[in-house]
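Below: a set of structures, written as structure tokens.
Shared chain: subunit A. Partners: subunit B in the first complex, subunit C in the second.
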Partner chain A sequence: MAIRSFLILFILFFFSSLNPILSLYEDQVGLVDWHQQYLGKVKQAVFHTHKTGRKRVVVSTEENVVASLDLRQGEIFWRHVLGSNDVIDGIDIALGKYVITLSSGGSILRAWNLPDGQMVWESSLRGPKHSKSLFLVRTNLKIEKDNIVIIFSNGRLNAVSCMDGEVLWEKDFEGESLKVQQVIQPPGSNLIYVVGFASSSLFEMYQINALNGELLKHESAAFSGGFLGEVSPVFSETVVALDSTGLILLTISFQNGKISFHQMPISNLVKDSFGPAKIIPSSVTGIFAIKMNAVTIVIRVKDESKLEVVEKTNHETSISDALSISEGQQAFALVQHASHEIHLRVKLAHNWDDNLLKESVKMDQHRGLVHKVYINNYIRTDKSYGFRALIVMEDHSLLLLQQGEIVWSREDGLASIIDVTTSELPVERDGVSVAKVEHNLFEWLKGHMLKLKGTLMLASPQDIAAIQSMRLKNSEKSKMTRDHNGFRKLLIVLTRAGKLFALHTGDGHIVWSHLLQSLQKSKVCQHPIGLNLYKWQVPHHHAMDENPSVLVIGKCGPSSDAPGALSFVDTYTGKELSSLSLVHSVAQVIPLPYTDSTEQCLHLLIDADKHAHLYPKTPEAISIFEREFSNIYWYSVEDDNGIIKGHALRGKCTGEVADEVCFETRELWSIVFPSESEKIIAAVTRKLNEVVHTQAKVIADQEVMYKYISRNLLFVATVALKGSVEIGSVTPEESWLVAYLIDTVTGRILHQVTHHGSQGPVHAVFSENWVVYHYFNLKAHRYEMSVIEIYDQSRADNKDVWKLVLGKHNLTSPISLYSRPDVITKSQSYFFTHSVKAIAVTSTTKGITSKQLLIGTIGDQVLALDKRFLDPRRTVNPTQAEKEEGIIPLIDSLPIIPQSYVTHALRVEGLRGIITVPAKLESTTLVFAHGVDLFFTQLAPSRTYDSLTDDFNYALLLITIVALLAAIFVTWTLSERKELQENWR
Partner chain B sequence: MEKGKGVMGAGRRWAVDFSDNSTAPSSRDIPDPPGFTRASVDQDDSAVSRQKKDAEANWKAQKAWEVAQAPFKNLLMMGFMMWMAGSTVHLFSIGITFSALWQPISALQGVGKVFEPYKDNKVDLLGPKLLFIALNLGGLALGVWKLNTLGLLPTHASDWVSSLSPAQEVEYSGGGIPL
Partner chain C sequence: MAAVTPLLLLLLLSSAPSFSSGSRNAYNINGRVKIPQGLGLGTKGYALPGRMSNVKVLLNGGQNITFLRPDGYFSFHNIPAGTHLIEVSAIGYFFSPVRVDVSARTPGKVQAALTENRKGLSELVLEPLREEQYYEIREPFSIMSLLKSPMGLMVGFMLAVAFLMPKLVENMDLEEMRRAQEEMRSQGVPSLSSLLPGGAMN
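Let's turn to the complex of A and B:
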């Protein structure tokens, strides 16, 4: 008995040691993972003008990042991601040491320490009504050595102390329809002008004492023509606006409190004017620009009312803000785009005709047009002024130009990834050039000597550092060919700017990038939006010579009936093979599981009128499609009115859109959720390319449960209408959450469960026969995760071993979903500490390896959680057999093991999505997490059971082999000698 | 079993049969010397030799039965060892189970050899052989049973369906929340 209990202990120890611990050693960081930091499209940039210290630029971006960049290399000194609901309205530098940010619709003002980015103070500003936010930091506005910041937000003018964020005074502008347009502070005075429009035809001007907020003057004047859009300040007491038709320019001056209007029809200025104009606001004294269609016109204001056109151009033009270079002198930059180059001109505000600087810079076409320009001056060695310009391109990249060259560039478009797919690399052939492996024989030998020293533990600390850097820079991992294990792939990412990037999984470098023609602003497509990426052609077997390609789907404009746009891009070269402007809209894209003879995947595009369009438009594709015609269904989840509808195909389109590849659809079923009590907040299906190894699950005591594995299952979560608001604003009685499992072919609800006292947001992941979802439990005041597993009960009586041995069963024969399934579900819920940003699950080639959930936590990290923790068969006291099966005793919450953070010490700021891709090696899965930052790593959920690990002791193996060989040789010679002696005797 | 076999084998490596009682001279190559009559010798020794032979046959039969029963002890010991090993799969239990399977098989292969020494015209070896075989088969059955309790025999449905790929679905459906 003692032996037996000892053995049991041994076994338990054995099993507990099987728990995969994902932690890695310090020297393994960066071997298979990479991390890249980005900012997003720069919205505003402020140069650090402090004479001493490092040269820096502070930027705010559309991803709500505030960052300080090194002007020499473009590296990030510090960075803060404010979160998606804290949009930055403006930034500036105050007192030469604080970065002031205004965010959240003008309600939060923060100051950050310029050198290290630590927050100094924060103050919240409230106001009577929502309005435009304006932000003014002036060095000349001083109260006892303290600068003040003037902020107009939410209908209130605030003056805030720069030192501690205290509100010095405030003044409300409660006029009913007053829309404040500008806050102007004439230099050298303590006055503030607040100008705005009221009731569309009234111009209002308030003069305020900047030191105490006292209202000095209030004037208003009516203009019968009305106003359109924004105003541009040209002088300290003059602004320019457009009338409501957009055809007449108005110069409004309010000198000495007298408001006067001067009208000037644009047609008088520009001979062949066409269409309404738009003012491009600029802060340059005496100069403003208007835009009519594609024509940009720069206009100079002379004296009070004289307008003069100084430039008219068809090229895209951007104008920088004014930069005061010396007392009373303002400089500004003008950037114009001309096919392959951009022209940068820096001029003085009062002297249009001369250029301070004129440069042309060669520009890659795949960066698109210049969107913004910011300039900064420096003093050259000969005491003259030099200028550097920071430009923001159409693809959201950021470049620094100096002396006619690009000093550095940042691909900040990668901070806003919309969709990701992967592509294989080319197969290694004789012709395909392989990256240079080693420079010369000596280097090669030296490297191997170092490695040998390392394995024999003879290396000095310097050697170890050299070995580590060699390991990290291993050229093997960034090769441009396919590898045996399938670790090297291309990540194809689509960014919000409509640019496609191919990133190498080995080290994350950009292989190619392409600004898509179909997602470019054009006459037919005014506001193109990129939507999705699909694999279009995945060549293998007989179509090996073709390059793989991806399909990019976009649409023109945010409305649901906007026409779609397609692009086909070769993933090896990054060339756009073709692009299509569709006549129909794209509401749904359904990749079909069929391919034609060239391995092109068939895709069905559903438009807003519920017509289905088949791509590719080839006769072969049509014939394949018609063969499967009756078995193809589609469904739509209309989350705004709470209906899920199922459709089938009916026949070719009739009427005006008669097309070979257009098909009519008919509605089959619909599930209508009661609009007053339930609102759809999540709908999740299985990943299309997921591979499931087996349909059977063997449980303790050799029993079998058959998984209900269907591609056509949809998980839908609804919440009570009251519960669809923020957490904390409803009581547990008012809110509930219902989870449904719906068959999308027949519309049958297979399972339904209600969680009382729970609410969203719901994040869910569906894989094999289970779904895991995360929500908030109001009663317990904690987040919860639930798992539902579905099993097919109708298969459970397949217990006759002989039938199974002889294969006389119908377990693998094709099934129709119209046959009534008999399913049972098992579910369980657990508490989970974190709130969640995204959930994904690991996927492997054959689906044999056990699964891990990848949870994007609120701290922007990715946590790997074994699926075994979310097993509905867990009990408080599992039996011996269940323990052997690997069932973990049930506790009420899911463990968070610090070592199982996939991102180890790094953070993927602004985490939005996690993508898993199977490698060729069954044990390994590739994980790509994206947000503002990018992170990539390899994971082995059950450890690398199919290959030797990196820390395998090769030295010991080698020594053993050598020792054995030596022993064999020695004993052989000894025995030879002895035999000889025997023979002589 | 081993011991008995050794003793018997050593004792019977060679033998001179002094009680040759064959009465047919033609069976020999050498003719009988003149004056020698075979019949008288027969008559003299027949009683003694028959007695001797009977005793030996008895002894052989007894020994054969002993040998045949030997696996029974083995069986008991194996059973004990198996109980000690428990019902989980690990090195110890697998070793014991495989030895439990191997011993009866090797014993069954050598049935003829085991009973070789007791071969005698007068001894009926069928009974002991059958018992020996039965006991060894019992041992084998015990081994197989143990193998089964360890779950190493594909006797359950789970063993045949564990890598059954999921069934294909005829219908295909796609869609989701409109873009």
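Let's turn to the complex of A and C:
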């Protein structure tokens, strides 16, 4: 008895030493996790290189990021991610110390301190009407040391002080149909010209005093031909426009308030001209460009009205803005693309024939075309001008060119990830391993000595730093082969630019990248959009020699009936194996759980006309598919109409589409939500590849509950129509939220619960037999999380052991979804402090390890929350038996433990998604969070019970063994001596 | 200083019925985030100014996002009347979300309350409820931690068996002892292992 109680004490003591929460020491940062910061595709760049000190470039991007970069290395000095609806319209640098950003459709103006990114002031601009906004900063107009910025937005011209953001004057342009095209400020004068079109054929010009906003002149003139598109300013009092047919160039001059038009048909300039042209606006004096189909034509304007073609090219061309290099001299850059090279030319605005600089730079084909170019000058040691060019490529990457070389590059396409999947690395074989053989023996010994010193607490601070860097640089983790624990994998990510990247999970480096042909702009496909990534071929047993591949699905254009495009990419080499342009559209993709003999996964693509198409298009795949024909069901959610439909296959396609792999479908059921009262805002189902270890759950007092586990459960949340708007504009009485659990084969609603006084947005995650969802409770004005667990009642009588032994149970009876399921649900709700951007759940290979919820909070952090906190069986006072089972006493809100932030002190700015992948080791799961930043880590929700942790103390183990051996010898001699004495007695 | 102030201009105009619904009842919410200097635990690598520039203030779950001025003030522009939620995101600090009532009837008056503890605020000054420590503190080396580790327990247990058990055997009855020794001898087991069954007999 005594021994037993001692053992219990021992076990209790042992377990109490295990910390129940997941936590990290500060020196473990970077051991298994990595964090990468990106910006997104650059929209605008402004250099700051005049002053001594650090040379910077300030950029604004399509991800609403404003950032200051080091011009030498491309590192981020500071960065701010604005809200998702706070789109940046323009940036500039004022007073040499403030970065000014205009955002939210020209209504918010902010100034940031250039050295550290601290916001200095913010002002709100409003205007009488919504319109396209323009932005203009001036540095030459001074009012007592202060500069003013002129902003035209929403039909109002504002002059704002750069010091404090105060609006100095404002002037409304209320003309009914006036569309302001340009705001021009001639250098060295106090005038502002506002030019625009009114009622399609009227040209309007306003002359305004920049110091006080006084209207000096207003002229308008009609042009019978009408206008098309944008205007390009060529001189301070001349603009160029196109007539409404796009065939005639108009030079509009408004010198001294007199408007005069000058027409020039494009066919007179270019002999073989075809089709309407488009003006590419540029700020270079005297030069503008037009584009006809794929031909770019650069035109020079000579004294008011004479036009002259200076260049005509088939290559993709981009022109930079003007850069004034000295008094009255303007330079600009021209970048042209020619297969493997790009040609950069820098010219003076008034001298087309000479180049200030001409360079060719070899460019990786997988960066695509040059989209934008920005130039900046520096003075060389021999007092001549040197130029550096910042270019934005088609794959959203950012490069700095100087002296014919790429100084640095940033893969900013990774800021806009659309979809993620994983792939295994090759198995380690002779000649496969990429990592180099470890350093020599001496280094190895030195490393181990250092480690020993560290564990024996003898290390000096320098030694500790050396140990730390050694741990971080561990070559094991970035090896290019599979490891025993399954920690090393490839993350395959598809970005919005249509580029596929493979990232190594060990340290996040890019293994390969590939710009997909199928997602490139082409004649047939004008606006390709990447949609999804699927595993196409996952070789494991009999196709071991094949490389795994992924399927990339895209479509041409945003409409629902746009034709689809497929690409198949080898994940080891990054080569595009093949690409297909489909004749049908892609509305839905269903990965089927069947593979053919080469282990290609079968996929069913549903088009907008509800035909199903099977891929791969092989006879073998068709025969496999036909065997399973009657077992294939799927559902579709039409959130606009509030309808959920269930579908099944009917037979081969008939009619004009005589395709072997085309199948007709039929509608099985539909659930129509009343459109006036309910709107679908979330529909979540289980992950297809989720593994459930056990169906039974043993609860306190030896009872068994059977989880209702079905792959065909769908969680749907609807809100009252009024509640579908933002928080803050509805009262609790007029909003409610309904959560449904629907069986997607039969369309039966298994469970339904209404939360009165609640509203969206709803974020939900479905796993095993439970669903957790996050919503806003208007009555308490707090966020809430609810859990619903669903149990199978029909098997509840199987708890008798004798029945199991005698075989009188119904566990082996076939389960059909058509028989009415006898289920019970349990649910509970808790308050949760933060807004949520994404929710995911950890997943492990066998599903034995307990689960954690990964909650992406509004602060762009990822919080791990044990599922035990969301257990509907929690009560305020759990019984002794329940406590032993691990039920936590109920409190009204979920705890936020700072140590359980998996992102620790980092932020995953602009967080959009969290992906979990099981490692081979059961206790561990890999977590990848993406947004503007990327973050990856390994998690062990129940600690690593199946392997020794990284900080396992080997020295202590050795010492213990030695101590035990010594003790054995000592006691042995002692006992021998004693025995001898005994014998003598 | 911290107040919900309707824009004067719009207030005057709001009586006009033809005003577009988007900008009717547009108010500004002004407030201040205050991070007490003394709260810092002196954590290395964290300078307060750097922290301040990374603080975001979010309205209604990210519908509007704004940043702090150097003095900690922030403002949201063009906010419609209603009950709003303000959250502060600052690495290293835990802020409670705040519910703010903006109404046309009581212009210029703040009705704000922390949602975590339902504490009302007389002015919109947001302070962190607590500091967040994301890392476990590594305990300094101590004998206790060494003894508490499984290895230490193993050694301790062994020592206890090796040195305390013989003591227990010594206190036994002489009679019993002899019997036990005889038993042992008859079994012929090595003398070292004979200690263990002796212990088990207790």
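Here is the rule we go by: the second predicted complex is superposed on the first by the 928 of 985 C-alpha atoms of A that agree within 3 Å, B and C clash if a C-alpha of one lies under 4 Å from a C-alpha of the other, contacts with A are read in each partner's own complex, and residues count from 1 in each chain.
Following the convention adopted for this analysis, a contact is a pair of C-beta atoms (placed from the backbone, for glycine too) under 8 Å apart; a residue touches a chain by one contact, two chains touch by 3 or more.
Since we're looking at a predicted model, the values are computed, not measured.
Q: With everything superposed onto subunit A, say whether subunit B and subunit C fit together or clash.
A: Superposition result for subunit B and subunit C: fit.
Q: Touching A:884 in the superposition: subunit B (first), subunit C (second), both, neither?
A: first
Q: Of the partners subunit B and subunit C, which touch A:710 in the superposed model: first, second, both, neither?
A: So A:710 only meets subunit B here.
Q: Which partner chains sit in contact with A:124 here, subunit B, subunit C, both or neither? Use first/second/both/neither.
A: A:124 sits against subunit C, while subunit B stays out of touch.
Q: Please indicate which partner A:872 is in contact with in the superposed arrangement: first for subunit B, second for subunit C, both, or neither.
A: In the superposed model, A:872 contacts neither subunit B nor subunit C.
Q: Looking at A:744, would you say it contacts subunit B, subunit C, both, or neither? Reply first, second, both or neither.
A: first
Q: For A:913, is the partner it touches subunit B (first), subunit C (second), both, or none of the two (neither)?
A: Touch status of A:913: no partner.
Q: Which angle, in steps of 10°, is spanned at subunit A by subunit B and subunit C when each chain is reduced to its C-alpha centre?
A: One gets 50 degrees for this angle.
Q: Please state the minimum Cα-Cα separation between subunit B and subunit C in the superposed model, rounded to the nearest whole Å.
A: Superposed on chain A, the two chains' closest C-alpha atoms are separated by 10 Å.
Q: Return the residues of subunit A at which the contacts from subunit B and from subunit C coincide.
A: 10, 14.
Q: Of all residues in subunit A, which touch subunit B in the complex?
A: Contact set of subunit A toward subunit B: 3-4, 7-8, 10-11, 14, 531-532, 553, 555, 560, 586-593, 604, 606, 608, 628, 631-639, 646, 683, 685, 692-696, 698, 702-704, 706-707, 709-712, 744-745, 798-801, 804-805, 811-818, 884.
Q: Which part of subunit C faces subunit A closely enough to touch in the complex?
A: Answer in residue numbers: 23, 28, 49-50, 52-54, 56, 58-70, 75, 77-80, 82-85, 87, 89-92, 94, 96-97, 99, 115-116, 132-136, 138, 141, 146, 148-155, 158-159, 162, 191-192, 195.
Q: Please give the residue numbers of subunit B that touch subunit A in the complex, ascending.
A: Of all residues in subunit B, those touching subunit A are 84-86, 88, 90, 92, 151, 154-179.
Q: Residues of subunit A touching subunit C in their complex?
A: 10, 14, 17, 19, 23-27, 29, 78, 80, 82-86, 107-108, 110, 116-122, 124, 126, 457, 726-730, 761, 776, 778, 780-782, 833-835, 837, 857-861, 893, 896, 898-899, 901, 904-905, 907, 953, 956-957, 959-960, 963-964, 967, 971-972, 975-976, 979
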